[in-house]
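As written, the chains take the letters A, B, C and D, and residue 1 is the first residue of each chain.
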Amino acid sequence: MNGTTHTGLWLIGARGSVATTTIAGAAALAAGLHNPTGMVTETAPFANAALPPLDTFVIGGHDTVPCPLPKRAETLAEAGVLPHGLPTAVRAELAAADAEIRPGGPSGPHDPRPEDEAVEALARDLTDFTRRRGLARTVVVNVASTEPAPARPLTAEDPLPASSRYAAAALRAGCPYVNFTPSTGLRHPRLAEAARTAAVPHAGQDGKTGQTLLRSVLAPMFAQRALAVRAWSGTNLLGGGDGAALADPAAAAAKNAGKARVLADTLGEAPDGEVHIDDVPALGDWKTAWDHIAFDGFLGSRMVLQTIWQGCDSALAAPLVLDLARLLARAHEAGLTGPVDGLGFYFKDPDSGPGALSDQWRALRGLADRLAPEVRA
Amino acid sequence: MNGTTHTGLWLIGARGSVATTTIAGAAALAAGLHNPTGMVTETAPFANAALPPLDTFVIGGHDTVPCPLPKRAETLAEAGVLPHGLPTAVRAELAAADAEIRPGGPSGPHDPRPEDEAVEALARDLTDFTRRRGLARTVVVNVASTEPAPARPLTAEDPLPASSRYAAAALRAGCPYVNFTPSTGLRHPRLAEAARTAAVPHAGQDGKTGQTLLRSVLAPMFAQRALAVRAWSGTNLLGGGDGAALADPAAAAAKNAGKARVLADTLGEAPDGEVHIDDVPALGDWKTAWDHIAFDGFLGSRMVLQTIWQGCDSALAAPLVLDLARLLARAHEAGLTGPVDGLGFYFKDPDSGPGALSDQWRALRGLADRLAPEVRA
Amino acid sequence: MNGTTHTGLWLIGARGSVATTTIAGAAALAAGLHNPTGMVTETAPFANAALPPLDTFVIGGHDTVPCPLPKRAETLAEAGVLPHGLPTAVRAELAAADAEIRPGGPSGPHDPRPEDEAVEALARDLTDFTRRRGLARTVVVNVASTEPAPARPLTAEDPLPASSRYAAAALRAGCPYVNFTPSTGLRHPRLAEAARTAAVPHAGQDGKTGQTLLRSVLAPMFAQRALAVRAWSGTNLLGGGDGAALADPAAAAAKNAGKARVLADTLGEAPDGEVHIDDVPALGDWKTAWDHIAFDGFLGSRMVLQTIWQGCDSALAAPLVLDLARLLARAHEAGLTGPVDGLGFYFKDPDSGPGALSDQWRALRGLADRLAPEVRA
Amino acid sequence: MNGTTHTGLWLIGARGSVATTTIAGAAALAAGLHNPTGMVTETAPFANAALPPLDTFVIGGHDTVPCPLPKRAETLAEAGVLPHGLPTAVRAELAAADAEIRPGGPSGPHDPRPEDEAVEALARDLTDFTRRRGLARTVVVNVASTEPAPARPLTAEDPLPASSRYAAAALRAGCPYVNFTPSTGLRHPRLAEAARTAAVPHAGQDGKTGQTLLRSVLAPMFAQRALAVRAWSGTNLLGGGDGAALADPAAAAAKNAGKARVLADTLGEAPDGEVHIDDVPALGDWKTAWDHIAFDGFLGSRMVLQTIWQGCDSALAAPLVLDLARLLARAHEAGLTGPVDGLGFYFKDPDSGPGALSDQWRALRGLADRLAPEVRA
């Protein structure tokens, strides 16, 4: 195994449900134990994009919780998130990743260290990992719990929240960066310039795994059919850590902003209707999302579409994390810098691009084509 | 009013719910009583396609039931399908259309007349209407009740069912033709050659108004996300004439064939799962469609999406009928012949083209562009 | 018609949706225009309870909005709440009731008059109506919009909110009283003694029309089957005046307290789960309530029941208002005083009695038996 | 352990999902590994009924499939029906029960043996088990796959189907008998007299585990509220053996007859609406039942209730099987004979008694009281 052909994947929140599922899943797929269901980059349109194979990834990350990954995986298997038997089958890989998890230290506004010093320490963790493991590059992906949304738009004077410190550290260490959460990340005014002119590719934000995924195909349908959406209401029930985090109205506000955007973008204006996120511990990592869409048809006739989505959030997120790690690694190799066009397919609140999933899918395939190495005659 | 600038719309099943809603709606929109909600051809992408305005349509049709249109419209208003007050407001237009309804006579295998004679009589009705009313052309749209599906694939020896006789009459009379139902229409082996080489444009078949519309956006979502659909089950509850017609298993079979096709086309193979159509008279013209989609995510995790669609079938169909009448009239004017590419957006079982709604939407806009008159410098 | 055999029905909020539907419905039933669907007191178990017939009711009420009842009824018919044609058919009865509506005057904490003076004025309206119309008695029913719930438990020092002033006026005027809303009514500490020792019968509170009705049959099912409810979550979407009133979190809190009680009473303890009430103006008077119940079965297996209730609140409430008016009138005639046992069937938050609907049904039939006049040998 | 204080439980279909869950569950509860969620006889009203404790049951049965119970239990654990780890924890008990499973031999119309000889052989298995294990009595419970419903009402001349042979054998061997399936069992005309005059107690039929359970609480709600149910439609999706068995229209017909009865009994007449049972292998032992209830409220307003039940059939059935085994054993001990009154709570299609669950619950508690030993002063 030649280190220079290996790619690092550094997960912020490396012992959470999404990270654990990502790590266990990568190992399971590399070992041929499962089909790559849910991994978009394993489908035909990406065959020529020269993406790094899953078995060339070396995984580490930041987390402050002490529960080791093999134990966390057992818990997820008992909850039905991971297949039974999988934690045992990939115990070695889980332990190896766990050995590369660093605490990250106190961070956010309450970190006693000067901001720059804290960022520097995080960047050193990244650089150290990349060098020590002999990696061609390390992609940083934020899959930590959602931060409370700021009560007002941030200004350049505001301190960097934790998610932004990690993001700044990634740029400083020359690492491609993905924000899979609705937390601030690179969208802090003080990081705007750095994000725009970054020497590395980055992407965000807020992985699109359930209700918003549905909305991004249903809203265009209403628009294309000239049906007038009157109200689009939604309730999400979820347990697990995410449920508790989002029961905080400020965190939920962050999440809901992204959800509303897809409707406004696609329908022309945001329809009436609220979105609720309830913490229901009994559901564990399983999420139920109910949407109720009241719309008008011909001559003002009143109609209704309701959808009920019952999914496992970690299982929906993990393959997208692997997809993004592969795509960002290849984008970095190919010399792309700044926000990467064509990744709106993956995000509730993408940096740019269309809101309809089908257009995002087309854009993503366009990116795959751009990433494909030129074939010399 | 100059007759040569007027367009005929000839509805097979002209006193049914869809036809009545179409006629009342066209009058209401022409009079500015309602917004054109649900009419795709009234949206921006069609602004330059030179489609005939709604107030230039003259409407007639074939039907064997005697209930006059103004009375039928009253019944629909009582059932909540048409807005109260509308039948009164457009009574003159309904009566005018009713005066142009011809019985069509006994038809199908039980028509005692020789087939060619029956077709000729129908064609004469069309020609007579067009000439007498001084129309530039007449578009024929089949919105009659669904015929029972043949028990086996038809051969050239089989007699033409009623829907095929009407279709043949349209071609013979030089009228653009649309089959908005799942009945055989032009898909009889004996009409294949005529359809392919027709001097007029035609389109079909089976208007996509509810459950299949949804499927044509949801199935691509699963495919694009590499999620493995295990079973897609559906139940439709509907009253009205359609409910009774489709309670006949043979008619339902015709309808379901189209529904299944979109899944097979988009997902690569048809998933498990049945589709039921129940006649529930209490629902009248309102339809409820429940879909249950069992799919696998990452590492084989089991997830479920359910959708419940509650719509008024006639109100969903009528604006599409008007769209198609306008598009086919313009296609005829522009010299298009044979099956018109780009209309899969409207049909469960289109003659050609992609199965995903977004791709069909793109194709439809392409057609709008092709229909736009060239602008001379 | 002999006035002394007539009964008054005095509606607080007499020009609201519920009141208008109640008045129009009473007239329609009295005229034989509709079946008494939804009226429990028209079923067999009440045949011998000597309840006053609907055509012996004389209706009036308090309201501050000026829109006359015939006009309000037209609006409700356009919204599909009342059958088309009904407002015209019962215009005389609507106008007659409208003529008996008094403004009630400014009330609640912001009423500049001394509390006792305000109550006295309201009571005079009741006494005047009863005497002027020659009625045997007048039943007062509060169907006004929900008041904001007090931020803390009320004490005897707190001023009477409007609902309590009306309730006090009913007692003072010797009128049977029903609180069909979650507003405070007789449950103000300063009215507790008066309520307990009232010389008239009264009942409350908060009519049970939809989600809670369902919960009162589903929760006992889980309890009887020894299934462990883990979380019971609900979202209500409604427009109309009630939607706007309940979008106020304080008003919603009042409503939700009653909803939660039925679960705690029946299941032994309140399960996890929130209840949301969203104002969705597009739905008008139609309400959609989604409930999601996560429960454990044998050996801890995880199961889910979901219910979706789509109903018209006014149409659900009105027949219960008529039922209660008849029952309270007869209870008064039969000499019952204070809170009437056996009416939990009608209320989310009854004054006493069991929480399961089947037990409440039994209690209600017991009340019917108690109300039946003794048959002399 | 004194054999004479032990009770036999003999399961027809002893290696099916329901039986395996019953056997594993009984062992798990006896060992204190799980709470008795779902077991009604473990709740307070049954405390004094002197029911045999779960740890005094000795289990055996008939089955023709060879897969041993420990292996079957592993499969169910992988499918999420049994908790992981349980098959290992109760392996000894599973193996012990497996050792008491007899093939039952060819049976039904295709059994080459004379009917009486076949019944005699089955009865011998029961007698032998009871004597050999020194049991006070053996309760026979039919949990085998549903037989196809006969195409016409059976006459005394028709041969006994397999379920009836097993039932006849139970009576002949003096064993209390429960038919938990919709198969014919004791309802064969040739067994009617024997069933009526049996010296042992028996009960049936068709365990009420999901959709019908719901219907037995919802239908009374509509009736009590005088709401007019217009149509009650249902679709059941299920995999596992039951899904395949019921995909046979004749078997489904047997099941649906019971489902329809509860509506007709409770609502006065059967509403419109069909019930579908679809085999969806992807769902395994998990069942989804969708019900759509169209009902009329006051003044003919149209409303809808929909329910979605997602449960594990085996986990719903198993605790009821244990309940019935305990109740029938005690009924036998107490000298009850013939059809046992008060068990309608457990069955879709009970031999007698009310249709509403609340009334059945009251009747069941009455039975518990009758079973309680008299307390001597």
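Just so it is clear, a contact is a pair of C-beta atoms (placed from the backbone, for glycine too) under 8 Å apart; a residue touches a chain by one contact, two chains touch by 3 or more.
None of these values were measured; they are calculated from a predicted model.
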Separation of subunit D from subunit B in steps, with touching chains one step apart: 1
Same or different contact residues where subunit C meets its copy subunit A, judged by the half mark: same
Equivalent-chain rotation between subunit D and subunit C, CA atoms, steps of 5 degrees: 180
Approximate Å spacing (C-alpha centroids) for the pair subunit C, subunit D: 43
Interchain centroid distance [CA atoms averaged], subunit A/subunit D, Å: 48
Subunit D residues counted as touching two or more neighbouring chains: 80, 304, 306, 308, 310
Sites on subunit B touched by subunit C in the complex: 77-78, 80, 84, 308
Residue ranges of subunit A in contact with subunit C within the complex: 230-231, 233, 235, 237, 272-274, 276, 278, 280-283, 288, 290, 292, 294, 302, 304, 306, 308, 310
Subunit C partner contacts - residues on subunit D that touch it in the complex: 21, 24-25, 28, 34-40, 42-43, 80-83, 86, 213-214, 217-218, 220-221, 224-228, 296-301, 303-312, 315-316, 318-319, 345, 356-359, 361
